[in-house]
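Next come two complexes, and both contain chain A; in the first it sits with chain B, in the second with chain C.
== the complex of A and B ==
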């Protein structure tokens, strides 16, 4: 038991401020520990590996300085890989955001049974990604379900996953259908947060529905557009399972996006050093894109003025 | 509880637990647990391996072996990731395509001396052509436990229904050639089923086409692995014939089509004879015949699988001892029921008939014994995974109806020449 009179004479170590601070640190400790173990340390290690040549089989680990980074500049496969990543991301963001917004506007109605439709469109989000993709791979086969339906209408469908253009379109569309529900819900929440008086005032002033959408809806939901576009772009750069299951990067290298190329180099070809270098490149691309989008918020997000 | 009583309790608990833990440690030092990664999850295979491991226990009671099946598709990737993570197994199956990488890396323990010192092992009995891929500088680094010839499985029901000639009839007439095989396949395909499937090729794993293009005398690169031979005339002819079969005649299924011979969907399939276990009981009337003759004459191709022990592991010596036991003449004969053996002493119709009741003596003689005796392995090479991917990416351009075979094959060489030159 502590002696109270003694405590009055000497200032105790555990002041209220210190107690608060300790409690605060304890509360964030699990999260902090997780970030240190699973994000910061691996990030540091990847940077360390990227300056080494690591032959797993021969068990050699030699320092090579910036050799892997020089290889990055000379790698003849890298330009097509970056192009494939850019096409995939651009296609995904444009298709995903516009479809999500369209669905959100359509579902933002007070109709009976609208909840059923909202649930339907959201349900792919909670389906396992791998299961979803495997089912699509059956549908997209040359003699698969989609071409079967097309054949009913007398159309001979392409071999979706085996021709460069349709392979990329297929991978994008499969991914859009998987995740469009999430953006749709975010847009829906944003739409419902727009004050109804604004539309009333606009109607009184004689604004057409299109003008209302452009002048009221879009500016009011612009923070959500920014948020969803950041999430979608960052997510699109991490696409892996769909590529591994549907196309394995083919035909040619037309769907070999950066993450898949990184996987090939590190885990299939055993170039762990170069693979680490590629992941540093991916990290930089994601960081720069996020920074640009964050800077753009002043220009495109209404509330930031 | 006072502080003193707590201290007493702690001391007492430690007094009980520590000797126990100590005993556990000393016990664990004696027991040896070996782990072998394999790519088969077949229960009959596992039962046989466990039986062999039990047999080893008779002389080594402290050694137990666990067999860890890894998924076939990502086998090598999973294995190397385990090694990279500091969790290498003690023993591992190795694909022939990664044989050069593993054998030359120094990752595997040398076997020749240990095998030679094992009583009754008879290393001389293992054929040299079978061990060539797994040997470096006269030292064996992995044992080829499976030397499985590629052969043609036939669905006689489908072929006779289509009114075409069966391979057995063609062989009897001395006309068993790729042209005639493809003609019979076309008849079946025209009747609504599929023709010939090159199993596991899937328009991705092109190395499986070796069993086709060797009939034209074609190969992927020169024997020393330094020169690309994809663009040479034999390969152009072979792949032109293949392209016609797929895109003109339809005698082979096209890219992206899943066709399973063993489910009765196709007239014939080219695969290794170890796939005989997939034949359905009371299914169709099947046959097993050697590969047809190509323009370059008759030929045979074998696919191999090796098993090695990793060097510099705590139990490497025991692992090598187990490997010597697992592949001794007695156990090789047991393994021969699933994996065609590389031991000359076992390569006779009598032994193989006993272990392969599915096959007739003629099939064993024509396909297995002759196939192993004369078969050439698939061209391997260091850094195969990267070359495989690069060729795959370039060859993709070939799998469309209007492809220009010669120019695609020229591109294949352009893209892999820098890799072969290394």
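== the complex of A and C ==
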């Protein structure tokens, strides 16, 4: 006992390591408690709700097991909704990444006033999302600016937002122009990080600019391509305001993506139980896509720091 | 890819970029010019790239139809609090995950990263029920608390952690030898060095809050509580038709201040974001 107290006197309880650990927990506490309160508990609740029939008007909440999941499998709207989500996400990722890369390559050239172009291409990113969407909605009206300009050239434009195909194209394109600036900047930074010696060596070897791009640029910026594609795909699954303002999911369900469908079911029709089941589906899709892309990095990414 | 370009290629590149610019710049131009057109000219043919008649009363009508000043204030103060709060929460958490050794730090970091996988859209139904239970529906609390502490702040924490990991540790070690406590080190040494990362976090947090749309329409129900994105969609006549010029006047007032700040500080904006991407 005496030995113990002597040791205690020599080594106080608050050693540097312990102080550090306490500080560490204190520093992360707000974030961790926030994640528990606003992410993990709600995720648990979503799962719990998804096994209940929740009638808001009658104020009943009954356990129904997997009935909502059965309903999900039989929901005639679900295949078109998933198809719309898939088309939207695929279209968005392909258009966004290729346009971003094209713009980044252009902005990487030695040209006077290039910063002005960079600023202008980036500017929609900072324009309020709803303001941007409203202007496009105005432009895409049957008698709006785009068809007006087309008519000047004798072309009769479609009613963009009221025709299934053009409605989908419209929501994708509006979103691409809004946010492509972000990926453009990430690509530009990546391009500028490629060692110049590689290009010089390739030129000495007589490689054409196209070949240099394929054999040097693309592999060297592949980590950024992976990063931007993950961000863009996950972001595309969350798109809501654009759909709500431009098409309200229509015509029919042609632009009803999963988040919009979830919102309709839960907050317009008050089907909280079924809405929660759709949330679980959305979560699984995000998780699976992220996992696949994360696995793919070993295959397609040339190097990693 | 930087090579010296021939004059002809130069002209071609400028031309290409100017054409590509149209869909990026024209909508903003069209928004501003259409916001001062009388309603009779709004769908004029051929389209007026410059208004043939001006009607500035659209701007005063915005304030008559909606408590727009109040809504502007709602958006501004919520975005300011969320930005400041996220900077505090994410810099502290990011610093601890990068720099302080404590048990289970990696496991906890993985749990926090789950926030990236679980966007607010997934949890919106239970969040609504939780805030309903706390009597916080139709208040601004959900729009403040969830972004600062919940899923949206995780990306900020991730960015801060990546920044602090890359920061050389000698200064801190010297301070520790001098007996400075963790909080002092964080506040006086690490944080001042983290200004670029903090700037990037501030920018995207502000934009995220300023653009929030699903959450306000789920959580808020009375007009004077609305935030700008929600308010912008409310300019309709008795038949539900859009009052385009007034709506665009409101949209212009929403977009232009942020756009001006961006143009003045575009270097910090762009480099801050590029920085984030490189580290991420």
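A few comments on the model shown:
One rule holds in what follows: the second predicted complex is superposed on the first by the 293 of 305 C-alpha atoms of A that agree within 3 Å, B and C clash if a C-alpha of one lies under 4 Å from a C-alpha of the other, contacts with A are read in each partner's own complex, and residues count from 1 in each chain.
Here is the rule we use: contacts are C-beta pairs under 8 Å (C-beta built on N, C-alpha and C of every residue); 3 or more make two chains touch, one makes a residue touch a chain.
Note that the structure is predicted; figures quoted are calculated from it, not measured.
Once the two complexes are overlaid on the shared chain, A:73 sits clear of chain B and of chain C alike.
When both complexes are overlaid on chain A, the residue A:143 reaches chain B and chain C alike. Looking at the shared chain after the overlay, A:292 reaches neither chain B nor chain C.
Of the two partner chains, chain B is the only one touched by A:57; chain C is not. In the superposed model, A:252 lies in contact with chain B only, and not with chain C. In the superposition on chain A, contact is made by A:272 with both chain B and chain C. Partner contacting the larger number of chain A residues, of chain B and chain C: C. Look at A:204: by the touch rule set out above, it reaches neither chain B nor chain C.
Across the two superposed structures, the residue set of chain A contacted by chain B and also by chain C is 141, 143-144, 267, 272. Against chain A, in their complex, chain B makes its touches with residues 76-77, 80-81, 83-84, 101-102, 105-107, 203-204, 254-258, 312, 383, 385-386, 389, 392-394, 396-397, 399-400.
Put simply, chain A touches chain B in their complex at residues 54-59, 141-144, 159-163, 248-253, 256, 264, 267-270, 272.
Within the complex formed with chain A, the residues of chain C that make contact are 1-5, 10, 13-14, 16-17, 20-21, 23-25, 27-28, 30-31, 34, 43, 45-47, 88-90, 92-93, 95-97, 100-103, 105, 108, 111-112, 114-119, 121-130, 145-146, 148-151, 153-154, 157, 181-183, 186, 207, 210-211, 213-214, 217-218, 228-230, 232-233, 242, 244, 247-248, 251-252, 254-255, 258-259, 261-263, 266, 269-270, 273-275, 277-278, 280.
In the complex of the two chains, the chain A residues touching chain C come out as 17, 19-21, 23-25, 27-28, 30-35, 37-43, 45-46, 49, 103, 105-106, 108-111, 115, 117-132, 134-139, 141, 143-145, 148-149, 151-152, 173, 177, 181-182, 185-186, 188-191, 193-194, 196, 199, 209, 212-213, 217, 224, 227-228, 234, 237-238, 240-241, 244-245, 259, 262-263, 266-267, 272, 275-276, 279-280, 282-283, 286-287, 290.
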